Amino acid sequence: MSKKNYKLEAKDLNAYYGSFHALKNINIAMEEKAVTAFIGPSGCGKSTFLRTLNRMNDYIEGFRVEGDILLDGRDIYAKDVRVDELRKEVGMVFQKPNPFPKTIFENVVYGLKIQGLKDKRVLAETAEKSLRQTALWDEVKDKLDKSALALSGGQQQRLCIARALAISPSVILMDEPTSALDPISTAKIEELIFKLKNDYTIVIVTHNMQQAGRVSDYTAFFYMGELVEFAKTRTMFTSPKHERTQNYITGRFG
Amino acid sequence: MSKKNYKLEAKDLNAYYGSFHALKNINIAMEEKAVTAFIGPSGCGKSTFLRTLNRMNDYIEGFRVEGDILLDGRDIYAKDVRVDELRKEVGMVFQKPNPFPKTIFENVVYGLKIQGLKDKRVLAETAEKSLRQTALWDEVKDKLDKSALALSGGQQQRLCIARALAISPSVILMDEPTSALDPISTAKIEELIFKLKNDYTIVIVTHNMQQAGRVSDYTAFFYMGELVEFAKTRTMFTSPKHERTQNYITGRFG
Amino acid sequence: MTNAEKNRLKDKAFQVFGVFCTFIGLVILAIFLIDILIEGLARIDWDFITSLPSRRASRAGILTAWAGTLWILVLTSVIAFPLGIAAGVYLEEYSKKTRLANFLEVNIANLAGVPSIIYGLLGMEMFGRVMGLGGSILAGALTLSLLVLPIIIVTTREAIKAVPRSIRDASYALGASKWQTTWNQVLPASFGGILTGVILALSRAVGEAAPLIVIGALAYVPFVPTSPTDEFTVLPIQIFNWTSRPQADFLVNAAAAIIILLLITFILNGIAVYLRNKWQKRVKW
Amino acid sequence: MLSESVRFFSEVSIIDFLTDKQWTPLFAEKHFGILPLVAGTLLTTAVAIAVALPIGLTIAVYLNEYSPGRFRQTIKPLLEILASIPTVVYGFFALTVVTPFLQKLIPSLAGFNALSAGIVMGIMIIPMISSLSEDAISAVPRSLREAAYGMGSTRLQTAFGVMVPAASSGIVVSVILAISRAVGETMIVAIAAGQQPRLTLDPTVPIETITTYIVQVSLGDVPHGSLEYRTIFAAGITLFVFTFALNNLSFWIKKKYQEKYD
Amino acid sequence: GGNNKTEEGTNGTVSENLTGSIQIDGSSTVYPITEAVAEEFRAEAPDVKVTVGVSGSGGGFKKFSRGEIDLANASRSIKPEEADAAKENNISFVELSVAFDGLTVVVHPENNWVKEITVAELKKIWEPAAQGKIKKWNQIRPEWPDKEIHLYGAGVESGTYDYFTEAIVGKSHSSRGDYTASEDDNVLVQGVSTDPLALGFFGYAYYEENQSKLKAVPVDDQNDANGKGAILPSMETVKDGSYAPLSRPLFIYVNSKATARPEVVEFVNFYLDNAATLSQEVGYIPMPEEQYKEQKAKFQQFASGSAKK
């Protein structure tokens, strides 16, 4: 395999929360313009790994990584890497929706504004586009200037996705982006992911096997901090190599 | 129908966030020792209604209810009702996991401690029991004295369920209790709900139609603040009265 | 230059500015401390700490002054902190948000700006004359309590306000009463911030001389107070007194007394800082 | 206090009090114009805040967003010592260090002036702003900081775009307390600012503040109970009205811009 | 004294085993002397608790006229309204002078033009009419330079200011207002010693301690009866009265009720016996011997007078 196609790679990655070994010797290479799904039981390290990919764990006291993570072949933990640039490249939707205590509009355009964009029209257009993409526009178009905290759980989740899309990163990390969504909204987000794949590299954590099956090209199965199996989604769902994977996917586990 | 069997009733209930009419003329009666599921698109008012059932919305500025909510035939919004007593009766698991910034153990036994229970052994036993019920025990038994905030999203969610169970309320309100959980943990929680039904009245908000189908006896479908349909789950899933319900359940919506 | 570069530059510039500001603060502090130490350290010996005031700079000591300061600070802490924290909690968690409450809220902050001497006059009338405490330690401590209460109340309220709603929700939903929620969740979570208020209040109380002089604290007291109803003097009065003497030797005495005053503050603040670090580490959401 | 003021105003017309441009209640030829004292108070307070607000807030943000945790834990209490240094020390520092230094930059600066007093007062109240603001900022839930960083914000943008607004309530209060302390401060101004009631907004000349006046009179040799003595109550009331207006303004600002984060 | 057994006139001999307490408060200017006396008295009568406060002459008189304290330190005479208040509370009192303070007129050491100054010139500088008008040295004497004059002096609420205006301008509390004031003379020292155009006045002790940084100006009161020409303040010139009109007396006031207590009588006697040495020690100027005798006689008479009542 030529390296060229890999957008994101982890090499011999180990991560620790203090003395707790949260990620054990992870090796994975994610293709550009493809959707990779992370699955695995609760507490296995999916979020931890996802957050390592754009260095969001830097802020957790006692957290430590060993090994390399390469974005387009460059080590993102290298000294000269600018984390803010990195995160514009690698956008993130967190597991718990975390809207800013600002208006809905301000939330969506935040990323653009900090990049220095001031043009009101462009901001408004981008906001509308992102909110439409996440199927939130109709629900909030009349209250764009209301606090984002007055939204329902699912609305907040979609807002956070819209916010991440607005800055057009090249990689999007999503931690259970549809956990609080009804089936229809979920379907819309899945559709969106499908469309985005044309331009973006997407990593998604999900507990929903059907969802993983529907949207992803590759699937990675984590268990107790280890990457048990990583393969084409179709392959994994039809003929997993490991028994553990098989058990997990079919729900015969625990 | 005799009133006797109804644990919780809402009569002509209207709720407002300021001028926003969030719940419109809701009439519903929930049976004792049964599981009622609330379903409906994101933002339709499920959480709002759920929170109204144990008066958690009292603290939201500008929030207002009209109409009655009866618990065992008594109006919970009456002047002489002690909200803390009410909430010991009617436990709640929130949509966003909200563990206390304390140890895992302190989180689980908090409810008991404030009821004045001091016996260390009883506390430890209850903690273990609740954590086992939510399938969290094995994961956290070695770090009970660690901060609950250092848990993964799904672990936090289960911790919050365990915390609510520990005080043995007679009604348990759960707002998407398995949204962050993997299929196996989800199955365990569903099993738990099934068991709890023998002693408790349970109301659950879910976006997962299968889940609603599996665990609930009754289902209420909300849409834009209105209770569109309320019926036995089996009836609703096989022959819904309203087209909207039908569309939502089958995912042909939006 | 692209926007990103500009932002980066600004970020770096601010970092430099931040270091600069922090160091300005530290350098000024160092200047003060070194200056005072150079001037006064040599003067500090056992005699200085255990002697009574005297007209001869070389014989004058601060026994009664530091004893009085300790008395005052401890009593003030005992009176003002529980009261202030309780009031802050009450106003934030319990009182109805009526117009009157709003008015009160603004005015408590207002009271922090009333010059300390006015508190002295008030204290003299209220505690000294009406309650008949005269110029006793108790009257002084009560007066200083009045003085620092606004600081404690206001900082307590802010610290409490910063506790996320979701934590309260969680507690209420488990059947906790308002008091239990406040005591078990809100207060522990906000204790670090409250302690900062306590530190600042102590710092304020420790240096006050004028209001104490007004209520009747003395300058020359040849005996160590043994009860809250005794007459007293405090270090700041001694310091003010000495700095206004013509003889240079008294200025040295003043510097030495300032060192002792700072030492007392250090110790009391140190306790609060220690607790604050402990609490703030525990609470992170 | 109120009754004393009432008695004062029964002897001195309130119009004179508010409009007369001279304050000489202790002179043989008496004028009771409070404006010079108000101007003096305003001036020193403004200088103090101009020093303390940027520095204090910068320190708060720097400690919270940029510096490592250990550093913060040592620096914060160190800076807090600044608040407990006796104000006489500050006064003489202003007079013997700051003024001569400033005179090199501004030759026309008087030996006693509002500028040095204000600057030094600003230094004194830095910890009020830095510590309380830092507390407020660190009380903002981590998820918000993560949201901001996750969007590619620089530390500066995170700090001022998200954290400071979310902590605005606490920050405003820290500033209010700091202003209050500056308004109520006596010794520094008494020593370094010259005690000349003067209706001016020029910080390079001697002025007198309300508090200085009050302290000097109540601890001076003026007979208590006389009209001269009662001026301190009138001055006190004025100060109260002054801070009252200031506080209401800041509370109004606070209400307007406050962000609730949950 | 009336009912006590003090041996008259002997320094520092006080009858043993006195007890009780004596409360003193008032002027911070007089404080150092009283503190010194209290300190020495303690060696003589260790069981008498003497306390001294510094709430200013005004604050002291207020407490004094309410009967809250036994002695008041004062840097000025009691005002009629204060005396009235005392009378209302059935308190009569005696004023005793205990020492002199020589107000010294000073300029910056580099000031080479002022060799002496007359009271009339001082008045011209300080009187209310001078405010905003007399701004230059040469307005006072044409041969002095055409430079600004910067004034420093005691705060208007102090007894020092009271006295200075009375002595120079002729009317108490009558002066210009545009000068730098402080009740802390060290602040004034700092001001004058760093300002070549300064002219100020403050207590003699502060000049004496800072002679290297200041230059005292001889004052000519144009009254040859008490010394001819301009006279520099010094121990001698103040004590013998030739440094006029700027040497002022400092007082203590004794409450009539307190004189019923032997320890108070002893203390006041002790005070007058030792004021000469002690006041000099703390920087003030003692009065001539015979004046102390007079004061003591005055007190004896007062004490026995109030004892009879």
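Labels for the chains are A, B, C, D and E, by order of writing; each one numbers its residues from 1.
Heads up, the rule we're going with is that a residue touches a chain if its C-beta (ideal position, glycine included) is under 8 Å from a C-beta of that chain, and two chains touch if they have at least 3 such contacts.
Note that the structure is predicted; figures quoted are calculated from it, not measured.
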Chains contacting each of chain A and chain D, listed by label: C
Chains touching both chain A and chain B: C
Most contacted chain pair (by C-beta pair count): C-D
Reference chain A; chain at largest CA-centroid distance: E
Inter-chain centre distance, chain B versus chain D - centres from mean C-alpha coordinates, in Å: 52
For chain C paired with chain E, centre-to-centre distance based on mean C-alpha positions, whole Å: 37
Centroid distance [mean C-alpha coordinates] between chain D and chain C, Å: 17
Whole-Å gap separating chain B and chain E, where each centre is the average of the chain's CA atoms: 83
Residues of chain D engaged with two or more neighbouring chains: 92, 142-143, 154, 157, 218-219, 260-262
Junction residues of chain B - those touching two or more other chains: 96
For chain C, residues that touch 2 or more chains besides their own: 7-8, 11, 165-166, 213-214, 243, 284-285
Chains grouped in pairs wherever the two touch, ordered by label: A-B, A-C, A-D, B-C, C-D, C-E, D-E
Contacting residues of chain B [partner chain A, same complex]: 17, 39-43, 47-48, 95-97, 135, 139, 150-155, 158, 175-176, 179-188, 207, 209, 248, 251, 253-254
Contact set on chain B toward chain C in their complex: 54, 56, 59, 83-85, 87-88, 91-92, 94, 96, 98-101, 110-111, 113-115, 147, 149, 160, 163-164, 167, 169
Residues of chain E that touch chain C when the two form their complex: 25, 28, 31-32, 34-36, 38-39, 42, 49-55, 59, 63, 68, 183-186, 203, 205-206, 208-210, 278, 281-283
Complex interface listing, chain C residues touching chain A: 3-4, 6-8, 11
Sites on chain E touched by chain D in the complex: 27-28, 54-59, 61-62, 74-76, 79, 81-82, 85, 128, 150, 155-159, 162, 165, 171-175, 177-184, 187, 190-191, 194-195
